[in-house]
Amino acid sequence: MDKGKIAEWLAQGSVAIPKLLLQHYKQLGLSEVEFMALLHMHSFMQEGIWFPTPAELAERMTLTPAQCMETLRKLLQKGFISIEEQVDEQAVRSETYSLKPLWEKLVHYLLAQSLTEEKKERQEEEQ
Amino acid sequence: MDKGKIAEWLAQGSVAIPKLLLQHYKQLGLSEVEFMALLHMHSFMQEGIWFPTPAELAERMTLTPAQCMETLRKLLQKGFISIEEQVDEQAVRSETYSLKPLWEKLVHYLLAQSLTEEKKERQEEEQ
Amino acid sequence: MDKGKIAEWLAQGSVAIPKLLLQHYKQLGLSEVEFMALLHMHSFMQEGIWFPTPAELAERMTLTPAQCMETLRKLLQKGFISIEEQVDEQAVRSETYSLKPLWEKLVHYLLAQSLTEEKKERQEEEQ
Amino acid sequence: MDKGKIAEWLAQGSVAIPKLLLQHYKQLGLSEVEFMALLHMHSFMQEGIWFPTPAELAERMTLTPAQCMETLRKLLQKGFISIEEQVDEQAVRSETYSLKPLWEKLVHYLLAQSLTEEKKERQEEEQ
């Protein structure tokens, strides 16, 4: 068992998932499989792969490429991810996924929830 | 929109998932739903809840408590988690889940994989 | 080299640090040593040690217990941490550190910064 | 206070630091400032900046560019980081930092420590 191998494993690092998302994805309308697809996309993007294909996702998931394609389609349609066009220095166009809509949905949910709580507290005070 | 609320959100923090696990859970025999159940258990344990109930898991997952119970049973049976008995200072017994078996399975897989690679390299050299 | 040991190492997990804090601690008035002290406190608190002593911090840092005490004093005085009193079920009082002031300072800074940017943009539009 | 801004903050994400490193950097011979320099390098590399300059580091640290240069020099000399040469598809050469030596040092330390513990246990059993 060589040391270099273990060092390589430690070097792989981790993906950090905000607890807020872990605790509220259900209320946002995400299933566990969809959450995992987003997690894989996030991880791919950290590795510099900005537009992972259904086949690439399927290599890491228990889904077929067709099922991954369907999951991506749903995530786009439900507004959790978007596709952005990039133009690089050589004027070459390329597409990247963006998870920005996911974070916006989360903030929207948290703000609505905190407004509801405030309202409730005020009503209780008035009684 | 008050500042304290946003500060509270930032303070929630994140759960870190090793990329090695994210890339190989499929080969270990875990489904996406089982992975998510483990992730929730890990998060509960970080909050000091060492033996989350099916009902507690079901609050955060899109599963019913019965389905969470079934998932926990499967994770135990397939050897991804174990139940450990703790005895505290007042001699009160309590049970906690342990994810140690999961990490042992991952290391076992990684070692086997690196042995296979070494063998292949040696065979290629010999030819 | 036994597998159990490597599994134990992987099981240790990671502490997640928001990039926002990493990029702006300097502007908040934190030095590198103070940042590290906060990081150790955060890690201790995740382990269930809510009021790490200067001696406990000194075991992990290159500082003496007296220097750790001085660092804690400064962090309290500059308003990055606070001490909160807890009363448990048996009415036993205990003290815990809270990092909430740190997150409030960060949000305060980010909001001020985004207001300044907006103002600048508006002024540029008017010209 | 617009929602998009808060979403952007959440989207920034976190850097995950292995607790093993946090608990043992002192024994590896790293100071707090050196640890922070490594953390910034890691974060830059995640952003795709593989060879951060002293000036770039100095923007985020309380050090001057000259002090950052000196810190990088020390980290190289003490064997915590290395410089690797990359050749891209257009045969353009570029240099990148690598943190692999850091992880190797950590594994080396952990293995030595676990051997010492085993020896001690065996000696205690023999008595």
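Here the chain labels run A, B, C and D in written order, and each chain numbers its own residues starting at 1.
Just so we're on the same page, contacts are C-beta pairs under 8 Å (C-beta built on N, C-alpha and C of every residue); 3 or more make two chains touch, one makes a residue touch a chain.
It should be emphasised that the depicted structure is a prediction, and the values quoted were computed from it without experimental measurement.
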Chain B to chain C, fewest steps along touching chains: 1
Identify the chain pair with more contacting C-beta pairs: A-D or B-D. A-D
Counting only Cα atoms for the centres, state how far chain B is from chain D in Å. 26
Taking each chain's centre as the mean of its CA atoms, chain A sits from chain B at a distance in Å of 19
Sequence positions of chain C contacting 2 or more other chains: 1, 6, 9-10, 13-16, 18, 20, 111
Quick one: do these chains touch in a line, a ring, a star, all-to-all (complete), or other? complete
Of chain D, residues touching chain B in the complex: 1, 6, 9-10, 14, 16
In the complex, chain D residues that touch chain A: 3-4, 6-8, 10-11, 13-16, 18, 20, 46, 48, 99-100, 103-104, 106-108, 111
Quick check on the complex: what are the chain C residues that touch chain D? 1, 5, 9, 12-20, 22-23, 26, 31-33, 35-36, 39-40, 43, 60-63, 110-111, 114
